[in-house]
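Here come two complexes built around chain A, the first alongside chain B, the second alongside chain C.
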Partner chain A sequence: MTATLERGLNALREQIDAPVASFFTSCVSCGLCAEACLFYKETGDPQYTPIHKLELMQRLWSNEYTLLGRAKSMLGLGKKITDEDLTEWETLVYDSCTMCGRCTMVCPVGNDITMMIRKMREGMSASGHGPVDLVGAAERHTDGTSPMGDLTKALHARVKQASAETGLEIELDKPGVDYMLILSSHEIASGEEMIAAVARIMHKAGVTWTISTEGFEATNVGIQLGNRDVARNLVSRVVDAAEKLGVKGVISPECGHAFQAIRWEGPNLIGREYPFEVVHIIELLDKLRAEGKLKTKGKDHDRITFHDPCQINRRGGINKEPRNLLNMVSDNFIETEDAGTMNWCCSGGGGVGANTRANDLQAKAFNIKKRQIEAVAPEKIVTMCAFCHTTLENQLEARNMDDIEVLGLTEMMAEYLDDED
Partner chain B sequence: MNNPYFDLLMWARGPGFDIALTILIGGILLRVVEIVVLGRKKDLAKPKGSPVSQGIKTIFTRSVPRKGMMKDAPVTYIGGYVFHIGFFIAFFFLGAHIALVDDLIGLNWPAANKALIETAAAASVIALLALAWTRVKDPVRRALTRFDDWLVLVLSGLPLVTGYVAVNQIFGDPTLMMAVHILSAELLMIAFPFTKLMHAVTFAMARYYNGSIQGRKGAES
Partner chain C sequence: MADKPLLPDLMKAHGISRRGFLKYCATLTSAMALPPMLAPKVAHALETTARPSVIWLSFQECTGCTEAITRSHAPTIEDLIFNVISLDYHHTLQAASGDAAEHAREQAMKDNWGNYLVVVDGSIPIGNPGYSTIAGISNLDMLKETAEGAAAIVAVGTCAAYGGIPHADPNPTGAVSVSDIITDKPIINVPGCPPIPIVMTSVLAQFLTFGLESIEVDKLGRPKAFFGETIHDRCYRRPFYDKGLFAEGFDDEGAREGWCLYKLGCKGPTTRSVCATVKWNNGTSFPIQAGHGCLGCTEPDFWDNGGFYKPLSVPAGEYRKLGLAAVAGGAALGVAGGAVGRANKARAARAHETVDAHDLEKKT
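The block that comes next holds the complex of A and B.
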């Protein structure tokens, strides 16, 4: 047994807990999870059956954590996990799973398959079987300020642009404010729109906010790669910055896995509760709406549909909020089939979109989303995740459907903001 | 009474049953403890919803297929329902079974009539055959199927078939067939804790965990 294999198996052993054992004990291999998976649905290939992607983890559990398995292992009968197995499963665990969570919703015995994929990735990455693109992004982010390298200069430039555009002062590293906004690198790289939108809405609502130059990046490739050390380090940067500034809350931006990282995994990664609250930007906007602090003027008459980011709705619990907001600014809002909790993934989540090796498979998997979009024939698609946003744009463009405009919900709300005093 | 199978029937009803029941209960306890001792780390993220109540709720709600799923895998869903409901009726509402439970723990309830029991048993066996067929024909199920899956299919079907044969005296010596029926049920009991049959107990744990993980986030399950 090689050292890397042993390290991987140890990382995997650390992930096995009571829920995992109850899930594997309960699986009756009915195969229903396949029907919920975009990769199986669009390829018809049984290797993409979600529970099959976990076979190595199931084998380890069976060999070492069950009575019969331990007895078999003692007699030298249990099938061991080899390096070749890990190599074979690498593409199944990373390239053909966006951790969208649909399988978790349909499993009749209630197995949280998605959570186990997240766990299995810990073992894969520890054994040196993480996809090269994700490993590269993790290295760049660990050494710099984002997976795109150092974006500090870009951040300063964007804040300056947003300030000039809105005529509002946006102060970086300001202590004692209500909220600290973090951003995904996409939102910084693509333009100043998101920062400007937040500035206008917060100003109008009377909420004070800032961005820290010491912890502004929201994305966390450690979550996608399955490397707790990387994930903890990246979460700590944000937590440290928020504590240093003494803010009441951190605003998680329009990014799916970033929300999962800072809101749900973060406290568990650093091993303590936060002294501040974490809200998703759309949760905050809906709260401001309910308090009467977010008022809009006029409505968009175009045919609009909404794309639910998996990590924010199905796995993040934010379902009604974006709909409350959209209905304020649109009078032609139509839902796609399966919208809401059972929405189909954009095909780019869970690191798949950042993993160039998976490009062709991802393009196939997107077709289910494409058909759902075609069925409602929208002029605009609104979403609340920058990565879903980019994925939708790219995949639509590749199919000559780029006459459909893709928009972020925060920017849309800012566009219809009632600015009059 | 000189039936050569009488002793076998008596053994099956006496010591055989005691052995099987001991293994069934002891095995289930062992397997459940084996899961629970692994524990789970306290979740430090501030909850948005209620993990406990949603966990309990999900134990029940997950019995209903999610919208649109039925048409994607009709044989698995319908076969699954018919098998489980049929098995449940044949097991719990046959007079002789109720008498057995009454003997053991002093609880009893009204029996169903013979026609209902037999219809349920027959439907249950047909459902098992349909489920077996998907394991042969359907690529997803075929790829997932292991020896354990075949074993539990056969072990679940045997008591239904042998019970029907024994009660209706279809063939064979009635005393022998009754002994075979009881022995097949004991085989099922013995295999239960060490095969996928365990799902009949642990599904409640799995659904609870699923519901509580999602519920904590204020997400649906």
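The block that comes next holds the complex of A and C.
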């Protein structure tokens, strides 16, 4: 079977449900979503108006799901969707949308535009219009254990390093523990810090945990590509591993779309509820703080600001938790403008950062974040998403602003952990 | 008509000075919104015109219009009007009764055929002509018969002009206006419940002075001089409306401060009349000045335009059933549309072929 226009259109048809119909019906073409989009905001190009990126899906809905449209189609009047249309829209749907969700927030009639982009990508990917880099990542992850290929050996090495560094035993594939930690491939590839940080905090809090060698990769390129068959295959690996080990919960790591995949889309993809709970690592740390199981010592005096990852804050609901934690360890914490649920994206989300074709556009789109960072002139930027972390580092470096240090919040909490008994 | 006395003689007989007469002419001129220099022309016309015969017909009415015109406040106006014209028939005001009264009407018609003026107040029942009769003659027959030889008809009051209160839902008598019946004579509508007295007399005076053609009417047949602007346009409370200051109740601070009565249902913005400028009772006051919103009595169907205390922005009429029907119809359409949509989606789901990561690329 191969990717065809008909397969793509069929995938789009499957995506049109009552919310989509009501959203398209309610759109008043006000254009407020344009101002909310970092790509429109930084380029001024009207083709980046979020609702415009959905035009093909809107056309399909109109032609096949509305009375007038059906009548027109019967008379041969409806404008059909061609493969050329899909080619034209491919860059709009993938290169100029980080699925950050700001457009959804500002829509005066409450249309979830971001959710519709996710649905539109189903049709794009099924028709063979997924960006080549994301398709490559999907193939590698499907054949191996991560979008970087097989990282099982690397995982073993990192766990060994972390164990040596912390002096704590970290047991892989241990059944019956409280939590199973999953990691983003970045966190495995870049070093053992994340694993070591979690080991120290969990040990201190008295929480048992493990990592499964059968399902340790948290990222899910199927979500970014917008293909639920691929996404289901990848998320099932984590669900199966967690069920096999009989853990009470799965910890989603510092990764934005990974949280979307396991926390929100997963149960819908596999069609049932999980027998375990899913928590984001920062959610768990804040819970431990509230229970008095996470204590810190000392404070960072540097001027620190926080970058909210879109998928974890705006689209994930985790807003107060990182601030509770940051205030434990910093006495010079300053918010940027629009911080919190209306933050601006780092420009790398939604597969844009992994899509080399979009590099130039992404660099432009980052400028709004850059100005906001400059306005508060921080010495450090803390975040809770490994991909935001990498994007911020790369974009700042490209602008000779790499004197600003970028940190992950979990590692920072581990650094100030009160280790004394 | 040559044997009829002219106005100066009548004035002398009534002890009215020439100065008093000229003052009256000036008042009429301004009431008709004519330039002041036309006042002498008014005086001249009134001085030299023989009194035309006027037949006043009262049908389904409350005598309020007659009560009002007898209180016309310009100097000695009722005297003048009733002497400038020859009111040959008016069953409330005339002394004669029975056959003698009807005889006066027949005589006036015969003597002045083609030249007399008919003033009508009250609506005409056509549901059953027996609902309202005078001397055994139904209103409908009397109007048709009298109108036939008339030069023009003035429909005084909202009942005669638009059917008024008798015409209000459910209209048990089948009441209609003069213009619903008479279509071959000029008709001037002077609506109001009642009309402002000086407006009635001014229209009559203008008719006598400058003739019928001089009276410019709007699409509802009202003289533009008196019904050209809305009460709202000239209301002394208008500045409060513009500032958004509204009385919300009849005893709240806004009411005491004299704020706009829009929210209490004032129909001033859609009602054309000179109430706010000419006022009533010798220029003393008008309803809004007395603290109550305008009822909109110079407009057709004012009785059925929603409640008197409902703001204009609230829709008038019974929309409950229509609304329910619309909701039911919409729901049925929605369900049908939804079923079609679901069938589409289900068909697409059946056609779904599971995608493997390796067939995401287009193979040509």
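What we mean here is this: the second predicted complex is superposed on the first by the 418 of 421 C-alpha atoms of A that agree within 3 Å, B and C clash if a C-alpha of one lies under 4 Å from a C-alpha of the other, contacts with A are read in each partner's own complex, and residues count from 1 in each chain.
What we mean here is this: a residue touches a chain if its C-beta (ideal position, glycine included) is under 8 Å from a C-beta of that chain, and two chains touch if they have at least 3 such contacts.
Since the model is a prediction, treat every value here as computed from it, not as a measurement.
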item	value
Clash or fit (per the criteria above) of chain B with chain C on chain A	clash
Residues of chain A touched, compared between chain B and chain C (which is higher)	B
First (chain B), second (chain C), both or neither touched by A:P267	first
Partner chain in contact with A:S29 - chain B first, chain C second, else both or neither	first
Partner chain(s) touched by A:D17 [first = chain B, second = chain C, both, neither]	both
Which superposed partner A:P275 touches (first chain B, second chain C, both, neither)	neither
Which of chain B and chain C A:L67 touches, first, second, both or neither	both
First, second, both or neither for A:T2, with chain B first and chain C second	second
3-11, 39-47, 75-83 or 111-119: stretch of chain B that collides with chain C	111-119
Common interface positions of chain A, toward chain B and toward chain C	16-18, 21, 65-67
Chain A to chain C touching residues, read off their complex	1-4, 7, 10-11, 13-14, 16-18, 21, 64-67, 70, 125-130, 132, 135, 138-139, 141-143, 225, 227, 229-230, 233
Footprint of chain B on chain A - complex, ascending	16-23, 25-32, 34-36, 40, 44, 46-47, 49, 51-52, 65-68, 104-112, 115, 263-268, 271-274, 277, 313-319, 338, 341-342
Partner chain A, residues of chain C touching it in the complex	337-338, 340-341, 344-345, 347-349, 351-363
In the complex, chain B residues that touch chain A	30-31, 34-41, 43-46, 48-49, 58-59, 62-63, 65-69, 72-73, 76-77, 80, 138-146, 149, 152, 194, 196, 198-199, 202-203, 205-211, 213-214, 217-221
